[in-house]
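In the two complexes below, subunit A is the common chain; its partner is subunit B in one and subunit C in the other.
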Partner chain A sequence: MHQDAASPTTEGGQRERTDIPPRVLLDWRAARIFAEKNLMISLRYPANIIVWGVVPILWLAPYVLMMTALSGSAGTIRFQELSGFDDFVKFAIVGWFVYQYVDNAIWSIGNNFRWEQFSGTLEPLFVAPVSRVSILLGAAISDTVFTTLSAVVLLGTSCVLFGVSYSFVMVAPVILTLLLMLFALFGFGFMVAGLILVFKDPSVLTQLVDTVAFTVTPVNYPVQALPPYARFLAYLVPATIAMEVIRHLLIDAYIEMSVFLTSIMFLLLLLVGFWVVGLAAFRYAERWTKERGSMGGF
Partner chain B sequence: MHDMAIEIRNLSKRFISTKRRAIVFPVERKAVDALRSVNLDIPRGRVYGLLGPNGAGKTTLIKILATLVIPTSGTATIMGHDVLSDSSAVRAIIGVCQGNERSIYWKLSARENLVFFGRLYRLTKTEAKERADELLGQMGLLDKADEKVENLSHGMRMKIVFARALLHDPPVLLLDEPTQGLDPTFATDLRRHVQKELRDKTILLTTHYMHEADMLCDKIALINDGEIKSVGTPHELKEEVRDYDSIHIIMRGVPDMTRIRALEEVLSASVTEQDGGAELVVTARNGYDLARRVLNLLHDTPGVRVERFEVKEPTLDDVFLKLTGRRIED
Partner chain C sequence: MASSKVFTRVIERRGLRSEISAAWAISVRIWKVELSYPLSLLWFILMPFLWLIPMVLAGSSVSTGPDSAELARLTGIDDWVSYIAIGTGLMGLTLSIIWGTGMSLRREQNVGTLETLMTTPIERSTLVLGSALHNLQHGGLGVILQLAASTILFGVTLNAWGVFPALAVLALGVIALQGVVYAIACVVMVAKQGWMIVEFIGDFLILLAPTAYPLAVLPWFLQAASLASPLTWTVEAFRDALILGPGAPSLLTAALVLLILDAIYVPLGLLLYKRTETWVRKRGALSQF
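Here is the complex of A and B:
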């Protein structure tokens, strides 16, 4: 409900602006404004953008080269049996393409908050009448723009360098799957932002989560290669389902409708779960910080 | 419509700091009372000063009102909105200026900063641009509007921080040491702006500059160790030390403070050393009579030569000294 006590006039005839904005969980406009600001600042460091366009291919190359040196680009029969795909290079490139977004979702919101803390701008943001979720999401969106740039460069250069190609006839389901995965992981980012409010620098914990996620998700090998207990953990990370679905869409250009819909439902469930836990953790952390008066500290 | 813009009732804030000397030792907890049962009523359209030394609790009070700190007990409302239960409404009607030049984006220009924050305060892009230019004009920074903040001086950055608080034309302004560290010209500019342009606003201004409080505030609360010691207009407060005078003596050499403080009727005596000399300030009843005795004493002190002396009217600092036993700028 928007209470609009617009501009009453005091005895002296002075104007007063007392518009009270509606209390909303998420204000897309504010998120967009925040993201635009971040993009504007990022563009003031053009060298970083160029470097981040190139670095992911340097991460991927050693895995591809090692695997092709051991068993050729198709991989071993064992790999084909486990993964259901007959080309390791194609398999790994999709894994790395999707993991760019996972990496971004895990780090971006927290890093943005940390940067605002260092800049001294976190308190002014918290004094502004916008929902916290909008700020968190704005931070995530701006980094997602750069990640998309980096991931597309990775996909393009990998195709050229390693001589592979993909089918792009099912782009819409790929984007839907990526978006659901991303938004689910943003929930984790909210939790990291909360940790940053409390602990100021939880980068070690974030690195641990990132490394565990990289290990259990099927970036370079199928989930079936993991020990059984680790497979369960893998399916708690939204990236696992996303990678499996996107591989089918980009490599086979086909996925059974029932499998696709089940995957989407599962991603939606994870999204709700991650957001509930992430937002609750962030709210708790915000209150904890306000009680101790340590919001602006770093 | 609420008569009081800000109402504070029994507001207390206790911070618990924890320290562990080594991993095997238990955590040591220390409680610090930043605010102790503070009560204040600030009517609409008034400039209200909160005057006190560093660590008195001024910033904690501002942060509670700005919804950045949760009080331990008590209540505070702004225009009838509770800062705890209705914090989003409070944030929409306050403008906050903290004396920190780092609270804006140095990689953005002055205008880009103001437009960004203006849009967060629900102005459209066009409104935010117009408002940014209007405020930059008032601050004398229009020619620097497109300059990145990192290339501007400290004073200019502080003016942008100040302008940000005014973007959405809020009825209530919380100004926390807005002129701290500014050179006299910039400080005077900001004070003049408060006097000329913001007379319709309710302003809570914290400062430890007495002349600033004296010049700008309709009413002043003296705060020390988290407690409000006295509230009144600058004139009313000075009435508390009406019988006192403040003797200022500039000299070469350093005086013997023990002997000066031992003189009868001396309320306080402090010395500031400067360039091989010192400025001695003695507050006491019957200033002229005492001045003679102090000068005689200095005359007898080896190495001390008095260059000039003045007997002044008491200041708010003298009031503070009488109430708390310490000076504001200690």
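Here is the complex of A and C:
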């Protein structure tokens, strides 16, 4: 490690580092290194990719089976009227594919500092001269790579098991929509990370946030099936708009340009909103926790 | 001298009553830990509704009213909201038993109390039984909350005469499930990070059980597998008793099958648990992470 010759010497004879750059809001190098570190750990357990690609099918299947038992086929007039799609199996698989990223924002990004705390590395990490946002962003990037692998396994396995297929002619708009949703969800994940710093025990809080998000987002049913006041809440979750757009692109292979552009604008607004609120909430939670000296506490 | 007498009494304690008393103490201790987290309490109250609501919303997106002709054709019950609300009511109880009890040893290991508990003069299986007792109370209260909420919010009507037979079938089902849970505890003891297996077994048992749909909509091989699951028979008979009353035709068959499953799963689970525990202790791997 490089040491400045002019660095002052401490009582123990060790030189103090004076070349440490000041913290900036976002240090891409630190985020990249943190993402690489997390990915190296994740890829040590490759079975997890398969497990998280297959287990959600066990959560999706009961909905598909229940809707089949009630309607007798893969679609009803009522479902078509509400959603605009005639096949609820195709509809639900896209929903679960996109929802993997919401789960990721809540469980992985939000809980990242908790895992560091369990590993005993949270406090050393927090004295490192990099901004917390860089660390969180690094974690978000690595978790997203891992989730993408699992989500692709989920989509492929579901298509085979349920005998459905999608159109992949409009891949670019799908990727653009997913990316905007992802960045908006990063902000959401920062907010959850702040909550977990304060409340510590993540299992219950995370479950609660996840279940509410799952209920309002159109994973298995269209937003129109919700009561009117809940629809407003649904559109605050970036995945709602993304699911609606991606469904049109993958099932119909068509979306009206005006609808697409409006959706992109809305996602951009959510992105900015979630980052502002998420960062503010995280910084407040960090300060609150540090003032009480409970950063490393369980 | 007095403390020595107490110590001797503790060491010499034997018999079913002592084990039940120890299991009860474990159950009360878990309640105390859970209730010390206010968010856990909130989750416990909200959980039954939050699991039911997406199911009801999904049902309402394909069905125009409270009745389903297709469901009536498959099961003889046309009120789909009651069918789903009562069936999924047992989902929370099952997951509570499988997760809470199956992972009980791991939880003790994580907080560093497993070896201490293992040196207390109680049967090793009582550690799991105590946790099961707690999860039965926890999950049972959840079932009551969900059924009460379904009655108030969704107008589900329950046949009061069917409550006793429903509880009897539930008791038989929980006993058989205990055998499964002992087997899960073995997996956790050996694999340590056994949550993945617990997740898979729990989700798979729920997929096989007719909680929100009849078995007829499952592929044939899953229908065949579901017959070996105690949850399948419990859910079917529990719901029939609460909707159709004590004269429900499935009750007697379910009770007989559950008695057979109890006689197979419980001794098998206990045997497996004792063998695994001895094996793990011999390897000195009890408190390893």
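To be clear about the criterion, the second predicted complex is superposed on the first by the 269 of 298 C-alpha atoms of A that agree within 3 Å, B and C clash if a C-alpha of one lies under 4 Å from a C-alpha of the other, contacts with A are read in each partner's own complex, and residues count from 1 in each chain.
Here is the rule we use: contacts are C-beta pairs under 8 Å (C-beta built on N, C-alpha and C of every residue); 3 or more make two chains touch, one makes a residue touch a chain.
Predicted model only: the values in this text are computed from it and were never measured.
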Touched partner set for A:Ala30, first subunit B, second subunit C, both or neither: first
Subunit B versus subunit C as contact partner of A:Thr262, first or second or both or neither: neither
Contacts of A:Glu291 with subunit B and subunit C, given as first, second, both or neither: first
Contacts of A:Ser167 with subunit B and subunit C, given as first, second, both or neither: neither
Shared subunit A contacts, counted only where both subunit B and subunit C touch the same residue: none
Subunit C contact footprint on subunit A (complex, rising order): 47-48, 51, 55, 58-59, 61-63, 65-72, 76, 78-79, 82-83, 88, 199, 201, 204-205, 207-208, 211-212, 214-215, 219-222, 224-226
Contacting residues of subunit C [partner subunit A, same complex]: 37, 39-40, 42-43, 46-47, 50-51, 53-55, 57-64, 68-71, 73-74, 80, 84, 196, 199-200, 203-204, 206-207, 211-214, 216-218
Complex contacts: residues of subunit A adjacent to subunit B: 3, 8, 10, 12, 14-21, 23, 30, 33-34, 37, 40-41, 44, 119-121, 123-131, 287, 290-293, 295-296
Of subunit B, residues touching subunit A in the complex: 1, 13, 15-16, 34, 44-45, 60, 63, 66-70, 79, 88-89, 91-94, 96, 98, 100, 102-108, 112, 116-117, 119-122, 164, 168-171, 200
